[in-house]
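So, here's a batch of structures to check.
The same chain A turns up in both complexes below, where it pairs with chain B and then with chain C.
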Partner chain A sequence: MHSLWRFLTRRRSGEKTDWTDWVIYAYLILGLFLMLAPVLWMANSSFKSVGNLAEWPPTVLPMVSETVVVAGYEAPLPLYDVTTDTGTKRLAQVRKIGLKAQMIDPDNPEAAKISVNVTDITPVRYMQFGLGNYRTLIAESGQYLGRNLYNSIFITTVATIITLIMNSMAAFALSKYQFRGRNTALLAILATLMIPVTVVLVPVFLIISEMGLTNNSWGIILPVVATPTGVFLLRQYMLTIPDELLEAARMDHASEWRIYWRIILPLATPALAVVGIFSIISRWNEFLLPLLVLNKAEARTLQLALAGYQTETGIRYDQLLAMTTLTALPLAIAFIFLQRYITTGIASTGIK
Partner chain B sequence: MQRRDNFARFIGAMIALPARAVEPFFAGLQRLIGVKKMPWVFLLPNLAAVVLFSLTPVFINIFYSVTGSDNLYPGERPYVGNANYATLLDCGNYFDPSTCSRDLFWRAIGNTIIFVPLQVVFMIGVALLTAICLNRDIRARGFFRGIFFFPTMLSPVVVALIWKWILQGNGILNFMLAPFGGGKTEWLVDPSMAFFWSIFITIWAHMGFYAIILLAGLQSIPSDVYEAAKMDRASPWRVFRRITLPLLKPVLFVVLILAIIRSVQTFDELYILTGGGPGSATMLIVQYIYETGFAASPRNFGLAAAASLMLGAVVLAFTMIQLQVSRKARDNA
Partner chain C sequence: MAGLQLKNLHKAFGALTVIPSVDLQIEHGEFVVFVGPSGCGKSTLLRLIAGLEQATSGEILIDDANVIDVAAADRGVAMVFQSYALYPHMTVRENLSFGLENIRMAKGEITERVNKAADLLQIGELLDRRPKQLSGGQRQRVAIGRAITRDPKIFLFDEPLSNLDAELRVAMRVEITRLHQRIQNTMIYVTHDQIEAMTMADKIVVLRKGVVEQVGAPLDLYNNPRNLFVAGFIGSPRMNFLEGTIGQGAFQAPGTPDLPLPAGLAVSDGAKVTLGVRPEDLLPVSDGQGWPLRVSVLEQHGSNSYIHCALPSGGEMMLHQPGQSQAREGDILHVRPRADHWHLFGADGLRISA
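Let's turn to the complex of A and B:
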């Protein structure tokens, strides 16, 4: 016991734990709860049945009522614990009329029905993580859900690949060549830092519709494909690659394109990975631009479809929670594997 | 480490395959135009995208802001001079939006002016506190860092829906507050409550990002400064005031400006969470632009363009400050 305590309070520097450490642990554990609990609560709720979701007070875990098939009744009847003067009996409820419930003994269906006060009965329930909401979601959203998922994956993948190629090509030109107009080009690219898409919504929409790309995934991919931060980060990284490597390759009559993809790209993979991860996150989560450009149900992304769920038929929390969980899942899984990489990427570049 | 390298290699391989396929084309091009012009070939795709989707739109935006009608096509829009700006600025009393001809615009501006400072100050405050805690020599530091960062990965739609589910009348928050005498409060129906939760939720969703940058800033402070302070038996508060804060100031400032630029553009979360409501209590400027230019009927592109140019001026000003400061910080380093 003592050694366990020593293990838990041990610090890397070997110093003793003092009271400030306990304050910090308290803060971190509060933070752990605040940051994680809402997400877990949503995921947990998505496994509850429709009735269980509407309940007050809410149950912590997904609960379902135990039912029993009684001879003479088509549907299974819910089981209740009934408190009577003689003790507690487990009976099935046939129907509820006002404040009275008609109960029947499942072991003895021939006997007369018993009428009891609803205040004297408590449902017999057990915990179950049900997939019912996911089944309704898939059944009711028809072909569109698959279509939306496909659109999201298509946009995220294609946009990220194009971003990586375009940005690395530009970064290569801006870091490894001396030519007139280089600084102007760099400035033009960096100037777009000051022009986020929210500032030029109307013209971007005009250009997309002039290109005939409304309700088309390419209308989402193209407008933000050249990210200034991506070019900047890759250029900074490529500046550290020694020029001698390029000279040696030129001696061997390698073409400039060959130098780019055989020498520069492999050496810049760490920077490429950072740019790639950020592109994936921002593309998967993108909302405003798709909201403008994609109106047809079959053209929408997953995020738009999810947002559309709450307006069309009021809020159907059962399907909404299932869909929210599904939408958050890919990035949550990716995060578990790439966490360290993402956080160091942000720390070293300050981009997102 | 191993896994990280494999991932990077995979990304590399993904790009390398088609690169080999187009090699003959680029080699031929190089023979045709010479090595000197090759950098422009590499720059071309990126510059084309930048010009088409960022630089040209600024000028088209200016054009839209001085033309009228609900027609999207520039050729069919009559010149109206500064009428759009005049409409937006037409106000009896700037402190009372209901006297303005576009009262929603002024309400959105008013909300943004209150929202941005509150959100940014509290967010950076919490982020700094978190970064300081994470910078300590504690167990499971990587785990805690990941947890605080996790919500920034979630999409705005998911964030808004998670909290909507928590804040609804039958929700878990009311259940947790029940012992303290709370009822089934609909948290997003009361204007000031909705505004509070808008700030809270946007902080919840973005705080981790700034905490990570601040943490990197804290870690770059050399440890011998702290050693020296320990020799002098300086109190923790004094160490924070005299060492941590001054040395962190450049990073803190960059983070602050970055947060302001992002905060001014807040749209996604609030659009889903409250839709700008109740009434117009949580409507910020980007939502006004969206509603005026795209959701309203008839769509008023001129007003939307004029309003977005004003937003653009604010973003521009803060970006300029940021570039200036980060250059100065780099020169000093």
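Let's turn to the complex of A and C:
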């Protein structure tokens, strides 16, 4: 804890706070705010009730109206602070008619109802992170939510594993073997970066559909397992692994496969983590290709299911927020576990 | 026995010929040092023997079997790399056993071999550490240990001491020599440091531009260098050279008294030659009897003194005197090469001998 505090209050030099320190910290805090605020707002809002969400001006924290059960009334009644000439009283509202509200004293339900102006009453509220949205989401989203989640996880995991293996094998060959056309091959791979995904979307879809992979997770996995950035990033990293290590392994009777598996892969872990996290993010968030390929409800991924909350009648923000938060969660977790590798990986490959 | 023979070995990288043609015979159990300036092809030669480079043509015979088409791993050689090339993600034990696991050796035997090598090199307590946690000298030992566990016919060392500091280098030099005495394997050692070559080798191979200049025991090379290059390369500080001509049966150079040729050394008058004499073979004589050398820099080593001098004609001369010299800058010292301890080299660079 102490070291964390020391880290957070680090200064440019020794004890004195330089003006550059102020600038740097201000910049960093601004950046932190810009990056984090929308995410926090989303997560925070997902705990708000439908009514609370629709309020203007919005409340920062999720607020819930306090209610009270009054004898003679079936449903709990909302509590209000009523300002009268004699002071402030806490009353329950029975109903609202136009600009008048009929109030009742919960401690004395026998007494007559009091009619007050709506401008004189303010609801009694307290902060509560309600899980209502999540409950409704799970209850109402139907039988496919679990299936959608499974699809997303399956596609992300399998595609990432295959991506790592394919890309690292290509990178190994491109960085450690001398063969004719090596640079041409690398250039050809990198050149594909210049082609926007949308341009090849239709041909890709045609291929997938010819292969009979529509409405199948493999139809999403296979077209994207080899990524030029991944190959390039891994190749750059593998160039830094000394050739002498490979030669030593070769003299140690290691087959080429064993060199790849036991020497190259473990040593390329930081770069693999970077490629891995990028793959996880892009596979998990992938939208366009799944939208074309996966039409059946049970074949859809979470991202497609999310889009489903936008109907002709409008957007169900309560559900959407809950779902978005849930969807973003796995990525945040992946990031937390891999961030150590990501920073070292980015630092050592020099690529982001 | 594990002898090594190179026949007509030729290596070219594209149009660039690195090794024109090498013939060499190495006997079993010999400690052979390849020495030469950087870029002389000594490392390439070693890598050819190891099988890490493919020879363009020629033969490599290990135990009289041609291994030119045999993969590096199957040649029965083990190599210690300049950078040690220890697998950084493996512990010392894993580093030592990796090669044995690859040939599917039984676990028990692997442990036995690893422990034996660890005992031999006194790295037993390091077995569970990673290379990063070791000092340079320890890494060096692990690298040698990895070679030992494989029980090779021939050990190859590629400048293994160049990454160590001077003190450790001297210690490791002795250790490797001792190791050789104990295990008695054939060892080939590449270095650019002629002191390593002199102190460790049974046989030195001096290379220049891929050509073997001379092969022989260290003192053979020191006492009888075949040509100017070997004469200048072997020995530290290096041999002094003085250009001159032969006249009236003596070596003549401007500003120096004639030096009569030893009997039996027949050189025609007027031939341009180079005289070579080692710093310790320049003996002080009385004034007028020898070369008058002007002292420019004095290096005191305590037990020895090295005096940088200049000839009247401008040439540089190095003088070695045992003990502590009293010479000062600007002094004139009179010296003369010790009889039979100087060499003459012809215009072609070859030594002129009787």
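Here is the rule we go by: the second predicted complex is superposed on the first by the 271 of 352 C-alpha atoms of A that agree within 3 Å, B and C clash if a C-alpha of one lies under 4 Å from a C-alpha of the other, contacts with A are read in each partner's own complex, and residues count from 1 in each chain.
The rule we apply is simple: a contact is a pair of C-beta atoms (placed from the backbone, for glycine too) under 8 Å apart; a residue touches a chain by one contact, two chains touch by 3 or more.
None of the values given here were measured: they were computed from a predicted structure.
Contact with neither chain B nor chain C is seen for A:L145 once the two complexes are overlaid on the shared chain.
By the touch criterion defined above, A:P38 reaches chain B but does not reach chain C. Once the two complexes are laid over each other on the shared chain, residue contacts for A:L213 go to neither chain B nor chain C. Of the two partners chain B and chain C, more residues of chain A are touched by B.
Within the superposed three-chain model, A:A249 lies in touch with chain C and out of touch with chain B [touch as defined at top].
Once chain A of one complex is fitted onto chain A of the other, the partner contacts of A:P266 extend to both chain B and chain C. Contacts of A:F205 after superposition on the shared chain: chain B is touched, whereas chain C is not. By the touch criterion defined above, A:L193 lies against chain B but remains apart from chain C after alignment on the C-alpha atoms of chain A. Applying the stated contact rule after C-alpha superposition, one finds that A:R258 touches each of chain B and chain C.
On chain A, the surface touched by chain B in one complex and the surface touched by chain C in the other have residues 255, 258, 266 in common. Within the complex formed with chain B, the chain A residues making contact are 8, 10-13, 15, 20-21, 24-25, 27-28, 31-32, 34-36, 38-39, 41-42, 45, 54-58, 161, 164-170, 172-174, 177, 179, 182, 185, 188-189, 191-196, 198-207, 209, 222-226, 228, 231, 255-258, 260-261, 265-266, 269-270, 272-273, 276, 281, 284-285, 287-288, 291-292, 303, 306-307, 310, 315, 317, 320-321, 324, 327-328, 331-332, 334-335, 337-343, 346-348, 350, 352. Looking at the complex, you find that chain B touches chain A at residues 3-4, 7-9, 11-12, 14-16, 19-20, 22-23, 26-27, 30, 35-36, 38-40, 42-43, 45-47, 49-58, 60-61, 64, 72-74, 129-130, 133-134, 136-139, 142, 144-158, 161-166, 170-172, 175, 178, 184, 204, 208-209, 212-213, 215-216, 236, 254, 258, 261, 265, 267-268, 271-272, 286, 289-290, 293-294, 301, 304-305, 308-309, 311-312, 315-316, 319-320. Residues 242, 244-245, 247-255, 258, 262-263, 266-267 of chain A are the ones touching chain C in the complex. Interface residues of chain C facing chain A in the complex, by the touch rule stated above, are 50-52, 71-74, 77-79, 81-83, 85-89, 98-99, 102-103, 146, 150.
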